[in-house]
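Paired with subunit B in one complex and with subunit C in the other, subunit A is shared by the two complexes that follow.
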Partner chain A sequence: MSQSYDRGLVEDFGRWREFSAGMWAWIFHKFTGWVLIGYLFTHIAVLSTATVGTTAYTNTISGLESLLVVRFLEVGLLAVAVFHILNGLRLLFVDLGVGLEAQDKSFYASLVLTGAIVVASVPTFLAGAI
Partner chain B sequence: MADYYSSFDPKGSRWMLQRLTAAFLVVVLAFHFMLLHFVNHAADVTFMQTHLRMQQPGYFLTMVAFLVTATFHGVNGVYNALVNQGLDGTPKTVVKYGLVLASLLLIAQGIRVAMAMAGFIIGPAA
Partner chain C sequence: MSTQVTEQEQAEAEEESTHQRRRLAEKAERQEVRDRMRERAETDLERADTVFDLKVFRYDPDIPEKEDPRFDTFPVPFTKGMTVLDALMYARDHYDSSLTFRHSCRQAVCGSDALFVNGTQHLGCKTQVVDLGDSEGVPGQIRVEPLPHQEVVKDLVVDMEHFYDQMDAVEPYFDADELPSGELEEQRQTRENREKIKMSARCIWCGACMSSCNIAAGDNEYLGPAAINKAYKFAMDDREGENRKQERLEIIEQEHGVWRCQTQFSCTEVCPKDIPLTEHIQELKREAVKNNLKFW
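Our next item is the complex of A and B:
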């Protein structure tokens, strides 16, 4: 049996200081989702150089990867993707009726785990660019 | 406190597809990141490496399924977010068909790119 409760409007961002963990999770999931779909369109546009020729493709990838700013953007993309995956798993479990009573703790766990994975991945992502 | 609580009430096929694609994408997105940033480094990617991967039918089909599910999940998520923000009436219809068109174009171009990578179609300049 579903039951809703009044937590106020998350869309009313002016009262962000009153937001609960679940509301922040909702905002972060939306934000990371917008970034990921934006990136998907960009990604296909870059990979489309494969339709031009083999050299164009290889040169475009290596040219982009030689830019330090691109490496940092990739670290940002990793952070966004990892959080969206972990929080998405949390949402799937909640939708299955599992772990609702710990939904705030699982949000904090998603954040901590995202941070740990991203920090541990920085050397791999920046290798050869610094 | 209710015995069971969900933040969503099931609302038909789009609701279910959003969750089914999520379950698929969790696995494939993690695999994609692992393969192209940790097993192989993005900076070392060449067309030949990509070509060898995309020649494998299982990998090719997984990547096409990745493209289709990610496009549906992402664009449906954007549409839901906009409706949630109050999008309604004619703007809602325009946005809906605009997103459907953008999705179809993205999937068509993505499959074209995948076929070029696999060597099914040859670019004008090798």
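Our next item is the complex of A and C:
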């Protein structure tokens, strides 16, 4: 063999349209995981500056809640967390070797359930903001 | 003396010209065959009810004009029952005899023609052209590429060396702790145990799973689905005995063993022999945990 050609990362993310359920589940799980970590650190940073006294805390919280964008971000956070939890349960079953032939269906189920929970939560999160 | 030399030279020249003539004749004959095949293809195309385009990845490092990877498109007349391998062979025989791909048994047993067809790993001989189309049947175009994540040697031929190295790393051979005492005594396996490893034994070493695995693409040391499946076949074989199983578990529970698997199910989706690869990897993960966690 004189020489060979490295095609590099053909297939990988350039062919996302052809991804199967398991691959999407993996991508969403990674993505939501990183979002949750990001949220965790923001959460600690913001609230640690507000814990100087009761009024400061209340002011910070009500200040944030008065912003419409924060209300929408909360809905997004719920969506991310719910999907991560449901897919985490799915992965738990995969690890236990239960229902592996239905792994794609359980992924779709966790997506649908996430959607339903998020839609149901919208009135609560946006109440008083709009 | 001088006449001798001239005679010798003359004889050599004559011999050379005979060679030359024969070579030219052979070349002309080959050209004739090629022309005939191409003509035949033209008649085939005229007569065929359905024609589809076979778009093939081409690369040949030995010829300067073919050094840059490109796609060639060959029109192929569809015949009932045609597989992707049949289409490739039609293109090779009628258009370009230099089109290179591996194939042997043509019945999904030898595992040499795993290809990247329309963006998914398939066995060329097992994939019907009609199955690649939508409900209307034969697709307008089929794209055939070499397996991703492996170095391309020529056209559709990839270097399988790394794949075979990973397979060898799990010691893929039966190796029992104790051999039966009698010379002709058989090492019988229970029916239940055979059922357990039945699917894992179907592997044909085609490399489709390894090529589809995102993790194997990023981590060259990862054993990969095929090798782990092979390890499963022997680790789950009751006849080998406890000591050997322990050694096998030590191989698969290394850092780049079973724990790299992130259950994307890509390998299970593409396996042409329908081996539940992810299931086997997950079972070995549980075995590895059980092997290391002792609560007594």
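Convention: the second predicted complex is superposed on the first by the 117 of 130 C-alpha atoms of A that agree within 3 Å, B and C clash if a C-alpha of one lies under 4 Å from a C-alpha of the other, contacts with A are read in each partner's own complex, and residues count from 1 in each chain.
Quick note on the criterion: contacts are C-beta pairs under 8 Å (C-beta built on N, C-alpha and C of every residue); 3 or more make two chains touch, one makes a residue touch a chain.
Everything quoted here is computed from the prediction, not taken from an experiment.
**Q** Between subunit B and subunit C, whom does A:52 touch in the aligned arrangement: first, second, both, or neither?
**A** first
**Q** Given the touch rule stated above, what does A:69 touch, subunit B (first), subunit C (second), both, or neither?
**A** neither
**Q** Using the superposition on chain A described above, determine whether A:37 touches subunit B (first), subunit C (second), both, or neither.
**A** Only subunit B is touched by A:37; subunit C is not.
**Q** Between subunit B and subunit C, whom does A:21 touch in the aligned arrangement: first, second, both, or neither?
**A** second
**Q** After superposition on the shared chain, which partner residues are touched by A:120: those of subunit B (first), subunit C (second), both, or neither?
**A** Once the two structures are laid over each other on A, A:120 reaches no partner at all.
**Q** State whether subunit B or subunit C is in contact with more residues of subunit A in the superposed arrangement.
**A** B
**Q** Does the superposition put A:97 against subunit B (first), subunit C (second), both, or neither?
**A** A:97 sits against subunit B and subunit C alike.
**Q** Have a look at where A:61 lands relative to subunit B and subunit C in the superposition and call it first, second, both or neither.
**A** first
**Q** Quick check on the output: what are the common subunit A residues between the subunit B footprint and the subunit C footprint?
**A** Looking at subunit A, the two contact sets intersect at 1-3, 11, 91, 94-95, 97, 100.
**Q** Residue numbers of subunit A touching subunit B in their complex, please.
**A** Of all residues in subunit A, those touching subunit B are 1-3, 11, 30, 33-34, 36-37, 40-41, 44, 47-48, 50-58, 61-62, 65-66, 74, 78, 81, 85, 88-89, 91-92, 94-95, 97, 100, 121, 124-125, 127-129.
**Q** Which residues of subunit B touch subunit A in the complex?
**A** 1-9, 19, 22-23, 25-26, 29-30, 33, 37-38, 41-43, 45-48, 50-51, 67, 70-71, 74-75, 77-78, 81, 84-85, 102, 106, 109-110, 112-113, 116-117, 121, 123-126
**Q** State the interface residues of subunit A toward subunit C in the complex, per the touch definition above.
**A** Subunit A reaches subunit C through residues 1-7, 9-12, 15, 18, 20-23, 25-26, 91, 94-97, 100-101, 103-104.
**Q** Under the definition above, what is the set of subunit C residues touching subunit A in their complex?
**A** Residue positions touching the partner: 59, 61-62, 69, 116, 119-120, 145-146, 148-149, 151-153, 159, 212, 214, 217, 262-266, 268-269, 276, 278-279, 282-283, 285-286.
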